[in-house]
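The structures come next, written out as structure tokens.
Two complexes come next, and they have one chain in common, chain A, joined by chain B in the first and chain C in the second.
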Partner chain A sequence: MNALRAFGALVRWECVRELRRGETVVSMVLFALVTLFVLSFAIDPSTETAVKAQPGILWTVFLLAGTIGIERSFGREGEERVLEGLLLSPVGRTTIYYARLASTWIFVAAMETVVLVAFLVLYNVRTDLATVAIVLLAAWVGTLGFVAVGVTLAAMTRSIRGGDVLLRLLLLPLLIPFFKAVVSLTTQALRGFEIGSREIAMIAAFDLVYIAAGQILFQLVVADFDG
Partner chain B sequence: MIDPVIVAKGLGKRYGERKALRDLDLEVAAGTCHGILGPNGSGKTTFLKLVCGLFQPSEGELEVCGFQVPAEGAQVRARLGVLLDQPLVPRNLSLSDALAYVADLHGGGIPSIRRDALLERVGLSWRRRDPLRTFSRGMAQRASLVCALLPDPELLILDEPFTGLDPEGCALVESMVDERVREGRTVLLVTHELRRAERLCHSVTWLDRGTVSRRTARGTWSAAGEEGAS
Partner chain C sequence: MSEVRSPRVHPSFLIHAAAALVMVSALNYMIANYVPFSIRKIEQSYLIFYYHFPAALSCLVFFTIVLVASIAVLRTGSPAWDRRARAAGEVGLLTCSVTVATGSTWASAAWNTWWDWSDARLMSAAIMWLTYAGYVLLQNQVEDSLKRRRFAAIFGILAYINIPLVHYAVEWFGKSSHPETFDDLGSDPSISQTRWFGVLAFFTLYLLLYRWRLARQDSKERLDTVLARVRGIEEGDSA
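And then the complex of A and B:
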């Protein structure tokens, strides 16, 4: 079976399922908005400290909300059987991994787009469209590596008791180098500085390493699939 | 024996130190219904999962539909239809969408007339627009059967297919198994229902504690079956 065609079909069906229920994107967006809202009371957005902390706040919210989407990539009700069905189909394991990565990325990227707009309003960030586009692009590109490692960890922890907590415990420390790079890049963008090539290189490297590692690990995770 | 569809030689599967399946030699001829029987924990599910490619053998060789497992897993899976205890498709999809999903997983190109005929056959045409999550256990089982048969598989694997079905549903599954065999397709049936197995299977492999305890052919295995079941 043509891998590209299977990939397209799987991503399309994941999007159809999400459109029918809307639970993943809606959960992520609501969680992110509530967190942003609460933090806006904890840290007065008009102070200098808040302005310095804005990129960190934004990315903390992206990561925490994004983890909900990643967890649901394999953790929704009945998902075990869906994964089993996929593994019993002629679709290759690599294609299944990339399709699940792509669909989860689409959901997380959609959440980030909505949340970024809310962030700019709630935190009274005055900036131009070009800067917003740079921050959004950095979020989308950076999210690729974040989701790649997350989807694999979600597949690993799916059937473990307390797997949702374990997923976060494993995932968040792995994201520290990436987190530093994207926060630094977002700071540069929001303050109107030139974007550093070091940060871009780090995000790209993070994406490549985690996508490759995720693909290999996923093969191992599903090699002996016992529901 | 002509054209074996499943050939296992010295097949074994270990979970750590425990041997779930050991030294299994088995050949299943094309165009027959072969039964796998045995008590709980005898290795039936492990064997099924090895044939499907969900598990990797720890030892021995396994060939399904002329392809090595797990090395040529994708080719094998393209020729399999599998019915397990629950639907293997997203339950928030309608039955109609679930069938389109299965067709896409098999590369598309399955004519809608085949889907309609199968739905009509199992009596689910009237529920085609309803989400699978609203189906009763028996209806879900019928829907799973349609999903398994949709790509017209060379080898149909049925794991306890009568569970949750009413007498009419059981008769339907039996007649569909007979039809598959008449069409020259092969069926691998795992069941605890001895009488149904006796009616449907041309040959049976009895497993016990991970190994073959006896093999029997149609017409000769009833007494052995009762002995094995006791």
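And then the complex of A and C:
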């Protein structure tokens, strides 16, 4: 079986599983909505401050909800031994990594799409379709790097006691550069400014660096299956 | 159990400790008597710089040691490199704390704010601190030593990649009041002499701490080996 077909099969399998059960995306969306409501009590959405904070609020919610999807990308240790099963199958580790990256990316991107619509309504953001498209595109592209580093860390922390908290502790500081850039880009888009090249450069660099690093380091995370 | 030795302090360790003590004392003397007491704009508050700069530089050195040792661990699986990475991570976190604390104190005196969220250097240091706090936590939280070694090494690499990314992100998308060059500090030669002597003195001190952590790590692992063996014998007896 060549790598591309294996990749397609793995991604399809994950999507079918998710479509049947809908656990991951639904939990992420609900968690994101709860967080949006909690934040609306922290910063009154009708004030000028909230308008300025909108991009930050949106991305805080995306990142926090996204970690749920990342955490579940390999199931839980002892509960569903998904990763072990995959590693025993005759599929290359690089393929497994990219398939997991792709399926987790699809789920997180789906959550972001739904939550963005809810956010625009709840926070009463008046904007045009082109702006929404730019924000969504930035979210989708940026989420690639976010998920790439997240999947590698999730493969690691799932076997550690207290790993769910550890995953967030390790992951969130690594996301700061991306967060800074993408919030800046969203601000520019929502205010109708021209998108800065530095923002795009930072998001692209983040994606490339962490997809490459993730691919290499993922092999090392699962290395003990060799022996 | 021939490898169990009574803890004895190596003579070179005592010499190292004495050197660190003398050098840091000499540095304090220089700060009190040799350098200008006050410089223009930021006045006396600049004196904390002689503690801040060595800590910041040492912190980068120790995090680089973490990176190099982590790569070595992944290549060779060597426990010795893992101990180096672990000790460097701990001392790096400490020097990073000193950097942030002295920087914040200085900011309070010079710019009248304890925490400047828009300052690129302060924010990079603080995020670096959070990242390596996670690293030290990871080192302590994984029980299986083979796994711990490899996972920590992987994160040691990711954490280092993050440093330049954070730096540029905060620099590009924020504004900075941090002095970018040392020109602001004036041209008196005593300033630059004391600055570099301070780096030497504090690095000697931090290196001492590193050696201490390394030695402790070493004896802890040896103790674990002995305990595991004793447990094995006990289980063998009961079976």
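Simple rule for what comes next: the second predicted complex is superposed on the first by the 218 of 227 C-alpha atoms of A that agree within 3 Å, B and C clash if a C-alpha of one lies under 4 Å from a C-alpha of the other, contacts with A are read in each partner's own complex, and residues count from 1 in each chain.
Throughout what follows, a contact is a pair of C-beta atoms (placed from the backbone, for glycine too) under 8 Å apart; a residue touches a chain by one contact, two chains touch by 3 or more.
The shown structure was predicted, so the numbers you read here are calculated from the model rather than taken from an experiment.
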>> A:192 in the overlay: touching chain B, chain C, both, or neither? Say first, second, both or neither.
In response: neither
> Which of the two partners, first being chain B and second being chain C, lies in contact with A:184: first, second, both, or neither?
Replying inline: second
> Is A:160 touching the first partner chain B, the second partner chain C, both, or neither of them?
Replying inline: second
> Where does A:13 make contact in the superposed view: on chain B (first), on chain C (second), on both, or on neither?
Replying inline: first
>> I'd like to know which partner A:149 touches here: chain B for first, chain C for second, both or neither.
In response: second
>> With both complexes overlaid on chain A, does A:5 touch chain B (first), chain C (second), both or neither?
In response: first
> Does the superposition put A:85 against chain B (first), chain C (second), both, or neither?
Replying inline: first
>> Per the contact definition in the header, classify A:21: touching chain B only (first), chain C only (second), both, or neither.
In response: first
>> For A:213, using the defined touch cut-off, is the partner it touches chain B, chain C, both, or neither? Pick first, second, both or neither.
In response: second
> Across the two complexes, what residues of chain A are contacted by chain B and by chain C?
Replying inline: 223-224
>> Under the definition above, what is the set of chain B residues touching chain A in their complex?
In response: 49, 52-56, 74-75, 77-78, 80, 82, 84, 86-93, 97, 101-102, 104-108, 133
> Along chain C, where are the residues that touch chain A in the complex?
Replying inline: 74, 127, 130-131, 133-134, 137-138, 141-143, 146-147, 150-151, 153-155, 157-159, 161-162, 165-166, 168-170, 172-174
>> Looking at the complex, which residues from chain A come into contact with chain C?
In response: 149, 152-153, 156, 159-162, 166, 169-170, 173-174, 176-178, 180-181, 184, 198-199, 202, 205-206, 209-210, 213, 217, 220-221, 223-224
>> Could you list, by residue number, the parts of chain A that touch chain B in their complex?
In response: 1-2, 5-6, 9-10, 13, 16-17, 20-21, 77-78, 81-82, 84-92, 223-226
